[in-house]
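You will see subunit A twice below: alongside subunit B first, and alongside subunit C after that.
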Partner chain A sequence: MALPLRYNFRNVVVRWRTTLFTVLGVAAVVAVFVLLRALARGIESTSGNTGDPRNILVVRKGSQAESGSLVTRTQFRTLQYFDEIARNERGEAVVSAELVMIVSAPRRGGAGEANTLLRGVTPRGMELRPQVTLVEGRWFQPGHREVVVSRRLSGRFEGFEIGGTLKAGPDHLKVVGIFDGQGSAFDSEAWMDADEARSIFDREQYSSVLLRPRDSAAAQAIILRLEQDKRLGLRGESETLYYSKQTMTAAPFRILGGILGVAMSVGAVFAAMNTMYASVAARTREVGTLRVLGFSQSSVVMSFMMEGTLVALMGGIVGCGLALALSVYVQARGVYFGTMDFQSFAETLFQFRVTPDLVGLGLLFSIGIGLVGSLLPALRASRLPVIAALKSV
Partner chain B sequence: MSEARPESQSAVPSEGRSVGGWFLYALGFYNPISWIGWLARVWVRQFGLGPFSFVILNAVRNQRRATLTVLSVASSCALLVTLLTLQRELTVPPESEGASLRIIARNKVSLAQPLPAKQLSIVERIPGVVAVSPFTFFGGNYKGEEMTSFAQFAVDPARFRGLLVEGRISDGSYDDFIRDRNSCFVGADTMKRYHLKIGDRMKFTGTFYPVDLDLRIAAVFQGTVDDRGVFFHHKLLDELTGDPGTVGTWYLRVASAEVSNDVIARVNKAFENSSAEVRAETERAFQMGFISMLGNVKVLTLSISAVVVFTLMLVTVSTMSMAIRERFRELAILKALGYRRRELFSFILAESFGLAALGAVVGIGGAWAVWTFVDLQRLTNGFLVYFEVTVRTMAWGAAVAATLGILAAIGPSVAVARMSVVEGLRTLD
Partner chain C sequence: MEAPIVVIRDLSKIYRQGEVQVTALNRVSLQISAGEFVVLMGPSGSGKSTLLHIIAGIDRASSGEVRVQGINVANLDESQLADWRNQNVGFVFQSFNLIPVLTAHENVELPLLLTALGRRERRQQVDLALNLVGLGDRGHHRPDQMSGGQQQRVAIARALVTDPALIVADEPTGNLDARSAHDVLGILQSLSRDAGKTVLMVTHDPKAAVFGTRELHLEKGELARDLVQE
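After this line comes the complex of A and B, so read on.
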């Protein structure tokens, strides 16, 4: 016969002081685990949010990212006349040759400098990325030294507001607008006219080409054609696929989350064991009574393990709650974390993303701590000799 | 009082042990804490019970709890030390005597923007500059690797020699490197890691440059702060890219640390209002700038450390209060016998401090041993190189543990001080 859950619950409430310590300890462990995973998730979601599956991004063969890629004007001229490229209502081919540059800019509040990604785009390139919308000011005018920055960057860098300037060496670019990339990788970019960018940075070549094929069959044809044309030396890939691969930056956070989770949970397990052992020792007579009343060894084990798990689960719930609260607070304040993307060498901005599956993982984690921590104490409780236990004070 | 047998152990049947029982048995037998208890008992038998042995016997009387407390403090301390070391590794570049004598000049726009090669003649004539070489990051991937962790730089070998302040040629000949345009100059760590020897070839696929390298190892260096780099001829890179007009950065050495600020100002001034403005800084400042680009890593590791310390505090405080609550009756008896609050407080403090200190020694010592003797560079594929647990870091860990040991004693002491003897004697729990 199983002991009722209420018995455990009441016990937990009666010993609220030690319970509270254990709950808080487990909560801290779970919160750290969930938050680090949420950071990794934030970076991944930025990549996953970017791009249109219908678009194809063309870069140099062998380069891993746009910033390390070169597309010559000859290559672009060949590419531009591919039949498979779609045309817009004005009859223009929907293809955009772009330049990606790294510009070092001062952080707000005098915290040094960081690299930002400056993209030279064309009108076609903007049509290809409808998720980027202007929220303030106006777009840059072709042929002018003007730049439009993302809202996230605007909060992070000195002079990134309308009327401010972005200094690229001796050249000054006027900030005329602010855009919103709706959580995509473009939220860590500043945009300007492609030809103007080439003249300022003295670049013959482009970095990449973004294009829209007529249909999915045409897309396959272009990718295949680029792969087979050894002379061209270019590589085409669906835009979404390209961005989904740019998640290397998330790896350290994911790994750190895992390692810290395990290391901290070792401490938490010891703490939980301590509490449960104390709880068993204090209830020696009670356990003896239960056994005399006819509860079996296994139901005593079950009961104590339930109790330990209950306490740890409470910690898990508090921990997930803490993680959620912190991420909501950070989001409400509009604070972003920045780290260097080792593929583009520019700073990417991201936020915590506490998803339901992360919460589930955190709760499972706490249950694990509870089970491991209460197993030995529960076994001990079930093995107390009944008569001796009854005699004990 | 010398009969400090843990009441919990008397109830454990000694025969027919289960898995858990065997675990506990092993915990007792191989547990230094039981040895401490044994030693203390021997001491008491010989010399009688003093306050010191009284505290030790009390601390280890519940062997299991003492062990678990020490282990949980130890694991938290080890984690704290590891985090602080990680923070140091990521945010403090290794010191080197030459770093303040060397200056890196990059394009003011950003590191990714090249500089015109023609600037060389101007740079080398700036007073205070002893040596200067082009210094271009190639960023290639070594044969078949996805992400190579050591850097390759294109330099002018003859000029680069003047920049090598520390370190020495441990194998091969530098003249050979100068002579052969297709050769390279490799750090000893990289040689060891890939089991290379002089004359072997190293192949790199360019990720930033659309060219590949095939280099012969001509010489090996050792004794710099980072013995991993690969250096090759800038002329080769110019030839492969067909662009002899650009370099990545200028790497220069100044005559003395005193003049370095003047030289920096002069270099910056020399290219002001030109098409390629320059930003010069000492090697150390350059590395710090690179690290600051990692962003909020520092805040992140510090806040995690804070959470670890918080958890550590919870564990020690709760254990100490448990230990004291169990002994409320005894403490009441001590009080009835005439012991003062101050003495009772010192008993509790000594016990809690002792357990925390033991945990700190085990945890910090363990972390030190692991990070000193494990080859992390190999394990993390070159991401973590030094991971040196410094005395300062260990002192931080110890200070935190000591503070917690003291803090944990306060709560139970207050409870003991407040209790009346009668009430204490009545306590059952």
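After this line comes the complex of A and C, so read on.
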């Protein structure tokens, strides 16, 4: 049997000053680590849960994003009559030609301006996106300069409340409703009538076309047909696939998380190592005594590594607690974070959520810090010559 | 006479520090019988601690042979030696060497954690040992809540809890007042006389020597005198 854990635990408590510093250091590192992961995940889940797998989004060949795409009226007319497209109960083709514009609006609280996406959408387009539901006010009326904004944007931009205005090009749009996109990318958009949008911005073309094929075979057929039709110059892909590719915006967070994670864990490892070296130095005679009593070198190593891990794990628990508390607070207050989409330069809004698996990951991370940080001090303790150790004060 | 429990032949210990050689023990030969209470005396630097450490298996000889209960300890590797110490030798140090964060009970229990004993048996053994040194009611106290004499008695309980044949003590009364020293010596004496343990004790105190059954004097690493007391 090895040395009892309570021995380590009490030593940790007795040396509470150094313990506290290490615990707080590790806690900070683990909290940042968990939060960065939660942010990356928040962005991914926003893009990931957008769209309907049955829908196909059509953009110009060579365009990566809707906002940089142009679909001419001729192109749309050709596309519109594809007989693979489903029809609704009124016999209309379920296809929506839309205009996506970037507008700039003042942030609430005077924090400058930021870009946001304004989508000119048709009745079919709204049917194709049942995720988006009106929660306040009413929908815009065709032929009116009216706009409905997402609840997230409403909290973020000045004038984005019912009765407020949104400046679009030379015109002002009246906000008549608030919608909820249920965590999808549409939560970062404002919607208005497509024809009205084209007239305000004086655009002949559309940006993209969203359509519903009759079935999955028809979907494949449309994608293939567009790909092979070089003259038409359009590209189609599943709507969900399109949005999951937009997940690229999480990459900077992942990279930042990686770099920060490595740099900070090196710091945390050194903090843990320092504490454990001090602990070993202060307990040299104790180690000698334990060895005399018959405890092996490996049980001394284990004991000190346990102790280092215990300290780091306490830090991990505190750090995860902090991250969790922040996450709960942010959810409760409905605070959103914006990240710039590098293609449209519009903000994507998201929340982070610290899930149980992220907490688990954070705890594992802290255990790793503890194990690595205490390895060398533990080895030093185990290699102390017994008699010399006994003579130390 | 009982069969010898410790047999030492031509034992030497030489420390080398660069060019300088220190002969801590010089060809010491000696036998100790089971149940003896041997008091080891001699001037500072005469090699008393060194001899004690080698017999107890925490140091190794430079040459010569040491057998304890017929076992040549030089043939054991580090981990075998650790097990051997745990089962056969109890240690008492001048400065008690209790683990400060553990209670008296937990300190005494430490050597038993390396045995196959279950929790209940360990508890019984620890209570027995603490009662033997008169501290049955102090089990839950930490070392800093006890006097030096009490701490040393806890250390003796820890030394005898595994029921080892040999108990070694290096100046166990060196840090104690006269009264506590007397108690400690009395306990060691009864361990040898009543429990049949072999006790090997280093001391500078001639008054402590009278508790033993035999007095060994070391001088400059050599055995100078060997007196068996009446």
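Please note the rule applied: the second predicted complex is superposed on the first by the 391 of 393 C-alpha atoms of A that agree within 3 Å, B and C clash if a C-alpha of one lies under 4 Å from a C-alpha of the other, contacts with A are read in each partner's own complex, and residues count from 1 in each chain.
We adopt the following convention: a contact is a pair of C-beta atoms (placed from the backbone, for glycine too) under 8 Å apart; a residue touches a chain by one contact, two chains touch by 3 or more.
The shown structure was predicted, so the numbers you read here are calculated from the model rather than taken from an experiment.
Novice: Putting subunit B and subunit C onto subunit A via the overlay, clash or fit?
Specialist: Overlaying the two complexes on subunit A (C-alpha atoms) leaves subunit C and subunit B fitting together cleanly.
Novice: Compare subunit B and subunit C by how many residues of subunit A each one touches, and report the one with more.
Specialist: B
Novice: May I ask you to decide whether A:Thr22 touches subunit B, subunit C, both, or neither, giving the answer as first, second, both or neither?
Specialist: A:Thr22 contacts subunit B only, not subunit C.
Novice: Once the shared chain is lined up, is A:Phe270 touching subunit B (first), subunit C (second), both, or neither of them?
Specialist: It touches subunit B, and subunit C stays clear.
Novice: With the two complexes superposed on chain A, say which partner A:Gly169 touches: subunit B (first), subunit C (second), both, or neither.
Specialist: First partner only.
Novice: To the nearest 10 degrees, give me the subunit B-subunit A-subunit C angle using C-alpha centres.
Specialist: An angle of 80 degrees, rounded.
Novice: Considering only touches as defined above, state whether A:Gly294 meets subunit B (first), subunit C (second), both or neither.
Specialist: So A:Gly294 only meets subunit C here.
Novice: Which partner chains sit in contact with A:Tyr329 here, subunit B, subunit C, both or neither? Use first/second/both/neither.
Specialist: neither
Novice: First (subunit B), second (subunit C), both or neither: which does A:Val32 touch?
Specialist: first
Novice: Working from the superposed arrangement, determine the closest approach of subunit B to subunit C, counting only CA atoms, in whole Å.
Specialist: It comes out at 10 Å between the closest C-alpha atoms.
Novice: Which residues of subunit A touch subunit B in the complex?
Specialist: Subunit A reaches subunit B through residues 17-18, 21-22, 24-25, 28-29, 31-32, 36, 39, 60, 62-65, 67-68, 70, 101-104, 111-115, 168-170, 201-202, 233, 248, 260, 263-264, 266-268, 270-271, 273-275, 277-278, 281-282, 284, 337-340, 345, 347, 375-376, 379-380, 383-385, 388-389, 392-393.
Novice: Which part of subunit C faces subunit A closely enough to touch in the complex?
Specialist: Interface residues on the subunit C side: 53, 56, 58-59, 78-79, 82-83, 85-87, 91, 93, 95, 97, 99-102, 106, 110-111, 113-114, 158.
Novice: Show which residues of subunit B lie in contact with subunit A when the two form their complex.
Specialist: 7-8, 11-13, 18, 20-21, 23-24, 64-65, 68-69, 71-72, 75-76, 78-79, 82, 107-113, 139, 147, 205-208, 210, 273-277, 289, 292-297, 300, 304, 307-308, 310-312, 314-315, 317-319, 321-322, 326, 428-429
Novice: Please name which positions on subunit A make contact with subunit C in the complex.
Specialist: Subunit A reaches subunit C through residues 1-4, 6-7, 10-11, 13-14, 285-286, 288-297, 386-387, 390.
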